[in-house]
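What follows is a pair of complexes built around chain A, which joins chain B in one and chain C in the other.
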Partner chain A sequence: MSFKNISITPGWEKYMTKEYQDLVERGPYGKQKKVSEMGSFKEVLEEHPMCAGCAMTLFIRLTMVGLPNPEHTILIGTAGCGRLALTQTSIPFIYGNYGDTNAVASGLKRGLEIRFKDQAKDVVVMAGDGGLADIGFSGVMHSWFRKERFTTIMLDNEVYGNTGGQESGMTERGALLKMAPKGKMFDKMDMIGLAQTSGVAYIARLTPTNPTRVASVVRKAVLIAREVGPTFIQAYTSCNIEYAIPTPKVMDDARDIESKRYGFMEIISDEAKAYLESIEPAKKVKK
Partner chain B sequence: MYLVAHIDQAICSETACRLCTQYCPEANTILYDNAAKTAFVAVDRCKGCEICVGICDDLAKHHAIKMIMINDLESPFELSKEGFHPEKWDGKHP
Partner chain C sequence: MSDSAGVKDVTAEKLAEIKEAAEELSAGDRQKIVTPEYMFFEAPRERAFITGSEAAKEAIRRSNVDVAISYPITPQSETMQQVGSLWAEGYVKEYYRGEEEIGVMSAIAGSSRAGARSMTATAGPGLMRGMEVIASWPGGRIPAVLLIMCRVVNCPLAIQPDNVELAYLLNSGIILFHGENQQDFFDYTMKAFIISERPEITLPVAVAVDGFFVTHARGYVNIPSKDIKLPPRNPYAEAVPAMDNENPPARLSRDAPIQKSNFISYHVHASWQQEVWAANDRARRYINKYMGGLIEVVNPEAEIMLIASGSAVSQSREAVRQAEEEHNTKIGLIKVRSLRPFPTLELREACKNVKRIIIPEFNHMGWLHREVVTALYRHSTAEIVPGPRVFGGMSMPTEMILQTIFPEKKFSF
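Up next, the complex of A and B:
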């Protein structure tokens, strides 16, 4: 929960695993690493059992690079594929029951603000479309209405991937899935519109086609949530298993879906924009 | 036997664009050797998805990555054995 906690007590180095030592010495702590430096620093994500070529895995990997202060961050996840990797990071992870993520995050963030008055702690929920738009829906909405200061990242693979292909509220109308054999009969939920209605301070929708952009969106979302209010990222992270995408074509699919319907968009409140400009005055903040 | 990604360092080091490592879904799998100016693959981490091949062929247009049988590698680099030590790499992991 801080670099001090992660550092090895002198004399105990030889008892720690190589992976841990590498992380302390060559990890992304202290100064935020850039996407262009990937491959040259030790990432916080370790080996995990997510499928080969999964775009969600890539998105999680890039998210970890985007975190402004990994040593002061707590991740919250739940049932669904993403937690298979999220539990293998060196960032504290809390497993909220399916549906509970945003309630857990609300209490946690409030508690952290009381406990650590002089050190900002970031809380980031990462969960699936089923976890956030279906079963956790009311928790998500209420955390937004209450203006809870944490980031919600939806890993939107447009299906219940972990349980074998049921449709979710975020599945496209007409999509054929193993457990939606006649095709989904309803439209994809407009979570971006709902986020706007409930006053989310920063909203972004994107795909993993541009790694630098993913990291920059995550960074903005986490910084704004720290001080201003709730932030929401909806990320297309295809499930190559349930949508039968050959793994070499996963990025082609992401580019295709991005250009046809998913796009890249950001909505930022005036207050959030002013806050970003106040902490990063040197850089020009995009609208 | 299974396929893993293999980078031709002679081609890669001409530009060393570092694009493949940004798109590999697996963390610390395509590593970057600063001294030899080339990317290389930690084969124990590679899941064989071929995303990097498409990135190098179509986006970078360098055609430096091929999928090859793991047994055919001459000196495979395994992160779990060697640890993460960029200062030691220096072109030693073709």
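Up next, the complex of A and C:
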């Protein structure tokens, strides 16, 4: 976005809401913010209709901080809880049809590359485990095989939260959920393994227990997708409603699951690593 | 003369530079941009004898297309293969073979939202597979062009021409043209881009022809030079903003508080649907301007009128000729070019004094018959004959049409 698009026409400042003025004056546009600065700048997502204690919402807020250039980013989502928050960001957001995210992102990114040769436009898909591993599975896999240059972030709450708690392919075997009245009959899908097999340039698995890490992983994923190839982040973002996690215990659950089966994991291709090293030291020298 | 030798060298160097720069330009870059009016009406044309698929290719070559996404299905495959060679030659900027039709139609939504001029093509079962997405394009106010080469919708499996699939598109909000022959396929396709991207329209346009009869058969097509092309798309002059983050942030989704069941929600959706159909209706003006109207009428004074679209028009033309030359009877013919918007008022006017209407169709359920009956209800006293119809891949002998025109005579077919 050219910054002028959100700037207030001179003389109209007093008619704009405080929130909007804050976004223009203290938003994250044009300068990468840090997690430690949260509270001192206007986030692109603040108000949202998500459930109290929702880990996914925390993860989405941290993701927004991690975006290297929110002013040149377009978000894509599909049906699911995540999009209820994503629609409230001050970043263009596309909600299309069920499970179409990675196909839409492929066309969008290629179209933007034709139109903006000198300005990187980042495309970021954020959708749930059902949206990406079940109904959108073919689109996700083929976007990886084609080496489409955008980031896919799976908000993995291991359930269809928005439709009221049905099992998904990412649900753990044995979990008792709607449409799995005898417990889920097969294992959680190995999307990390599939991402590796299809040659994704950067893969990360994490939980929101370490906020700085979330922002840093997102930043890397978006930068690598810009120049090298597809990137994938799989994040455990529990559904405290469907899994009956008491609100104050949401982060305890995240730490527990992290220690048992969702530990931080990062897989980066040599090319992606070399690219990151080529841009990050330059930044350090500047400081 | 060292000086002149020096001059010579510089010139040679410069020439080489210019040549190099020219080679760097793609074939598309070297085409001259002309106005739609010049392209459609004024540019000198040469006659070619080509298939419908080739006609589509030549239309795309001159349409300044940014993104084309393909997926094979008979009888469409040949067209998107040829568009692939246009990309290889540099006439189309981006091209790939998608994963399947839901993926392709979704990617077209993506590239169109990026502000790029986008097109794809499909047929029968492919259209059905992509339908969830295609039916969402009008609501998304996606300017794009979809070419359709009609074939049987399975099951049982068949690849033959039958245009029942168009029945499903009629209620989607998409603008829908039905071409009679290779020339129509060439002309309608180019015009579709311009109509689709009009600010007051901003809707997808589908151009359908009957598979094989048009796509695989050769016909004469008058085409302008390949050195000219249509003006590029301007995504900032359309009804909804391009999602390129060069506009103030927008979202293609309703806010959470108004997406579920409440009064505001109903109104948001209701007014949006009304606007989609109003935009569809606004295309009339440009169909009249660029395509010579939503219908074409042959022998307007006739008391018996054939109403047809697609390949059924060609068969009807021949039946009209035979009726006049062999049976000394003047029969009228209305060719329906645009199915959406539908030529309701035009049909009422053209059928004012008609006593008998016959509607030949290449599908079993007779969607055109239903459309015509709805349009003429209480506006015509004519008997409206449902048919004749062929389907499942059959061709329609003109004798079949003549038999309906002259029930008292005996035709063999």
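In this section, the second predicted complex is superposed on the first by the 277 of 287 C-alpha atoms of A that agree within 3 Å, B and C clash if a C-alpha of one lies under 4 Å from a C-alpha of the other, contacts with A are read in each partner's own complex, and residues count from 1 in each chain.
Throughout what follows, a contact is a pair of C-beta atoms (placed from the backbone, for glycine too) under 8 Å apart; a residue touches a chain by one contact, two chains touch by 3 or more.
Given the structure is predicted, the values throughout are model-derived calculations rather than measurements.
Trainee: With the two complexes superposed on chain A, say which partner A:52 touches: chain B (first), chain C (second), both, or neither.
Mentor: After superposing on A, A:52 lies in contact with chain B but is clear of chain C.
Trainee: Looking at A:115, would you say it contacts chain B, chain C, both, or neither? Reply first, second, both or neither.
Mentor: The second partner, chain C, only.
Trainee: Would you check which partner chain A:35 touches, where first means chain B only, second means chain C only, and both and neither mean what they say?
Mentor: First partner only.
Trainee: Counting residues of chain A in contact, which comes out ahead: chain B or chain C?
Mentor: When the residues of chain A touched by each partner are counted, C comes out ahead.
Trainee: Of the two partner chains, chain B (first) and chain C (second), which one does A:18 touch, if any: first, second, both, or neither?
Mentor: In the superposition, A:18 contacts chain B only.
Trainee: Return first, second, both or neither, reflecting whether A:252 touches chain B, chain C, both chains, or no partner chain.
Mentor: The answer is first: A:252 touches chain B but not chain C.
Trainee: Figure out whether A:190 sits in contact with chain B (first) or chain C (second), or with both, or with neither.
Mentor: So A:190 meets neither chain B nor chain C here.
Trainee: From the superposed pair, tell me which chain A residues show up as contacts to chain B and also as contacts to chain C.
Mentor: On chain A, the chain B and chain C contacts do not overlap at all.
Trainee: Inside the complex, what are the residues of chain C that reach chain A?
Mentor: Interface residues on the chain C side: 66-67, 69, 93-94, 96, 98-100, 102-104, 106-116, 118, 132-133, 136, 140, 243-257.
Trainee: In their complex, what parts of chain B are in touch with chain A?
Mentor: Going by the criterion above, the answer is residues 18, 21-28, 30-32, 34, 39, 45, 47-51, 53-55, 80, 83-86.
Trainee: What part of chain A is in contact with chain B in the complex they form?
Mentor: Residue list for chain A touching chain B: 18-19, 21-22, 26, 35-36, 38-40, 42-47, 50-55, 57-58, 61-62, 64, 211-212, 247-252.
Trainee: List the residues on chain A that touch chain C in their complex, please.
Mentor: 1-2, 5-6, 48-49, 71-74, 76-77, 83-84, 87-100, 103-116, 121, 138-139, 142, 146
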